[in-house]
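Take a look at the following structure, please.
Letters are used for the chains, namely A, B, C and D, taken in the order the chains are written, and counting of residues starts over at 1 for each.
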Amino acid sequence: MTSDHAMLALEGIGLRIGGARILEGVSLEVPAGQMLGVIGPNGAGKTTLFNVVSGVVRPTAGRVVLDGVDVTREPVHRRATAGLGRTFQTSSLFPELSVLENVRLAAQARLGGATSLVRIPRAGDAATTRALDCLEEVGLAHRADAEASGLAHGEKRKVEIAMLLAQDPKAILLDEPMAGVASGDVPAITEVIRRLHRGGRTVLMVEHHMEVVLGLVDRVAVMHHGELLAVDTPEAVMANPTVQSAYLGEAM
Amino acid sequence: MTESILDVRGLTGRIAGQQVIEDVTFEVPATGVTALLGRNGVGKTSTVKSVLGLIERSGEVRLAGERIDGLPTHRIVQRGVGYVPEDREVFGGLTVAENLRLAERDAAPRRELVERLFPDLVERRAQRAGTLSGGQQQMVSLARALVNDNRLLLVDEPTKGLAPRIVDEVAAALATAAETVPILLVEQNLHVIRRLAERVVVLSGGTVVFTGTAHEFLDDEALVQRHLGVHDASEAA
Amino acid sequence: MSRRTRWQNTALLPVIGGVLAVVGLAVLPLLAIDVPGVLPGPTYTPGTLQLLAYAMLIAALALGYRMMFGLAGLLSFGHALFFAAGAYGLGMTLEAFAPPEWPGDLIFVVSILVTLVGGLVLAMTVGALALRVTGISFAMVTLAFAQAGSVLIRRNPGGATGGDEGLSLDIEHVPSALVGVVNTRNLYWLALAVLVVVYLVVLWVERSRAGHVAAATRENELRVRVLGLRPYTVKLLVFVVASVLAVVVGMAYLLLQSGASPRIATADFTLTLLVIVVLGGVGYRWGAIVGGIVYTILDQRLTALAGSDAVAGLPAVLRVPLSEPLFILGTLFVLVVLFLPGGIAGLPQRIRSGRVRHPLEAEEATDA
Amino acid sequence: MSTVVLLVITGLGLGALYFLVASGLSLIYGLMGVLNFAHGAFLTISAFLGWEAGRRVSDGTWWGLAVSALVGMAVGALVAALTEYFLIRRLYERHIEQALVTVGLSLAAVALFEGIWGTDPIYTAKPEWLTETTEILGARIPNDRFLLIACALVVLGGIVLFLHRTRYGLIIRAGVENRQMVSALGIDVRRSFTLVFAIGGAAAGLGGVLASVYYGYVSAHLGSVLLIFAFIVTVIGGLGSLTGAAVASVLVAVLQQFANFYLGGTGDLVVVVALAVVLLIRPRGLMGKVA
């Protein structure tokens, strides 16, 4: 699936907040269809990088290029419609809406007419059908009518991924999809992520769960102090002594 | 077995009605450093905040045998619990000196200790804390806890995002503090844990999955990998 | 097929109940029901019909306000502006706009249309500007615009608004069926029709796609943007719909009261709406209706009580507070906020579940 | 030239009134996140009780005015502290409901004042000097303006000194930044809530007495009118910023005076437009903190 065409390119991303250096010279290319893991110790700037890519935070230097288009100055929602999806570290469903309504919002965003007063959602319309299909794909169709706040943590993660499926983005940012997930649920969610990746979607994933990262990704990027230490195959990265010491805290 | 300074039983914590930790039970001995470990998002910070009453909680928490789970945060702290929060949380608009003065509870605050541990801060006493570097802010945050004579310190990820040289300084300061006060330390850096911790409490899925000595845990690579998800390469290196 | 969804199995019971309630209210002017202490007289009398019609209009206004606050999380302090725009707009158009060759009824209809269009433009302008900020700042910008409106009305530019005296309805071009005490019944039915229309529009918006996006925006705006949706658009939509509904209610108010007073443009009036919505229960659509009706009747009856002999005979310590209806309502409101977080409409739920629920808590009053 | 001087000094005097109300609003919002709609009621009750006390002692003399001011401040502080303690504190951290309670309180209070003192303004007497004018650069300035400006400066200085020189001031400044961390240092931050309410109430109380000097009357709606402008000032200055409130008070009041004179009495409208413009360009206000 992997091609040479870069789906997502970061060019010299820098971010300073009140004199503090948060990100510095981060350059990274993710070829279309590849899955890339971003690892690094806490506070290394991984989530901030995701915020820059998705448009929540505007960088003080550098460019974000999505599928050949410079989106550095685009607002969040426009990047999303241009084909960028993301999840958050903490579960971020709409708690008072039902599972189906959550996913249907994503489907509506994809299918258009989401902010229309005229098209009242009903069973069998395109968005609802799509949402139910996506729920089925993550194995949660039977929970469609449940209120989102009542789900178990692992189920919420699955709903978030179903929302991504419904949104059908070209590139996806997953921010710690395993955070807070009970170990029993890890294999199932891993499988769902794999399915998300299928069909040629480009995926960028921050994750601390090494088995998950190593089992899924094509390449690993290591961040430390807001900089990229290395980008390489998982095996090469794990063997890299600089990476080991940074990630595990040995003094360099 | 030494008596414990902190005794947590069946602690459950909620943020905005969502349960974040469930039925957490562990003890912190009256001496030395106890590390609270676990993957990201597993509830370490929430555990510390629940102990302090910073988030809604239920369950039993005893400080030196006395129940503190019904008390508001400031009363718990007044009983001798020092707190170094994740992300430092210094008051950016206040000067270094004001940050420290605010923290002083004791009649005889231990200013010399703080000045000895963090000479940098003496120089910068009139500087606004918000303009300090991350490492310096962490020192202000530590100093705020060390300036009082506490019975227990709760220290949440003190080395997060710091340069290795600063990590060493922070670890050294904690080692000095640990000579006189027990510490419950949340930490991700295995090197720091190796250096400081005698006992570990490991959380997974919002609940305690392992308690024991630091050696028992860190020497068992399978355990480390299962619960922290990292290869402890410092062993091999 | 197991793909059954929530909105599909529309429960029939509330629909039937609603229809029955509307039919019941519609035949009220033909009956002679007397509720001593609550209504000033039997239901066919103009005084009672006037009060009930007024209560229904306030309920309709509160319904629209609740849609903004409860559905989209928009805390506006300026809703009175649009109500006043409806009342004063129609009043001024009727007075100023009168091509002699046109029949009166046509002038009436055109005046209504002109006011509606004017209200729509005003709502879009104010909304487009105010929604560029969120939280308390949004509340303050809407307050500012409403204050500007209030100042304009009081200043009586060109004698158009009547200043502090208020504006009285020029009945020349108003259909005779809507004029005079003898026709209070018709005005009552007009008010009922406005309430029903507002209810249906609110229901429509809440169940539309945009309504769902608005609810999602209230809960997590960033998440909505990450999905590729623009919260600004739906918030503006909800704001404009609620504001235009307020314009409609304002026009009915002008006809019912045969005039408008500058009081309806003040910040206090918006705050009263907020009181009504919270009193009724923010979490419930019919809470706004209950709140509006209870508030208006209480306000009216308390005024009657204040003037009664029973109160006049009391010692000053009791007489002074009891003779001020707003004092009692304000106090009642404080007590409801403190002890009855779900409002009146939340009572059955509270009794059933036996626990305190705070419908307001999902929303945070922080600045963006 | 003389007109400009008159407008500026009158603007400063009115700005002083705005500041006395806005300072408390801003501190309360900054520390507790509460939008206090009852602040106008604090002002009105202080103005009434101050006037009642002053006229009993000695109407229209400096001595009477001093008594009014002291009673007004005491009443404002007490009423505000009681409000915080019995109503606001019960709704800890529930900001919207806290604001709603103050809305209810202000509605009830204004109604009660009308019941007690009637709906018409009550004209007050003031020391003779205050009814006279002083000539500055050819402009005849009513003397009461100077009193207002002086009082506001003293209050501003007092609050700044309190915030920067006392431990409670330190706690309040820290609390504006991060309440939770203040409690995590072992400090009962709620006590400073009551204190901030009391300080704000006292400032509003003084403002009430001075407003009755400036306008020449007391009425049940004295506070409501000033409250709207104080809100505008607080938002323009940046919620939670005392300096912002001071600067914005002067800007707003002077702007209002100039617009009233040169733009045909459109002062109120111009102020509202200014608020909208400021919020649209700088949503956090002139001196609001970066979130």
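One rule holds for everything that comes next: a residue touches a chain if its C-beta (ideal position, glycine included) is under 8 Å from a C-beta of that chain, and two chains touch if they have at least 3 such contacts.
Nothing here was measured: the structure is a model prediction, and the numbers come from that model.
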Per the touch definition, the chains contacting both chain B and chain D are none
Can you tell me which chain lies farthest from chain C, using the average of the Cα atoms as each chain's centre?
B
More contacting C-beta pairs: A-B or C-D? The answer is C-D
Calculate how many whole Å lie between the centre of chain C and the centre of chain D, each centre taken as the average of the chain's C-alpha atoms.
32
Round to the nearest whole Å and give the separation of the Cα centres of chain A and chain C.
44
Separation of chain B from chain C, taking each centre as the mean of its C-alpha atoms, in whole Å
53
Which positions in chain A touch two or more other chains at once?
none
Which category does the touching pattern between chains fall into here: line, ring, star, complete, or other?
ring
Pairs of chains satisfying the touch condition:
A-B, A-C, B-D, C-D
Chain D partner contacts - residues on chain B that touch it in the complex
52, 54, 72-74, 77-78, 83, 85, 89, 91-94, 98, 101-103, 105, 144, 148
Of all residues in chain C, those that touch chain D in their complex
75, 129, 132-133, 136-137, 139-141, 143-145, 147-148, 151-152, 155, 267-268, 271-272, 274-275, 278, 320-321, 323-331, 333-334, 337-338, 341, 358, 360-361, 363-368
Per the contact definition, I'd like the list of chain D residues that touch chain C in the complex.
29, 33, 35, 37, 87, 90-91, 94-97, 99-101, 103-112, 114-116, 224, 228, 231-232, 235, 239, 265, 268-269, 272-273, 275-276, 279-280, 283-284, 288, 291
Quick one: in the complex, what on chain D touches chain B?
167, 170-171, 173-174, 177-178, 180-189, 289
Going by the contact rule set out above, which residues of chain A touch chain C in the complex?
54, 56, 75-78, 80-81, 85-86, 88, 92-98, 100-102, 104-106, 108-110, 113-123, 127-128, 132, 141, 144-145, 163, 167
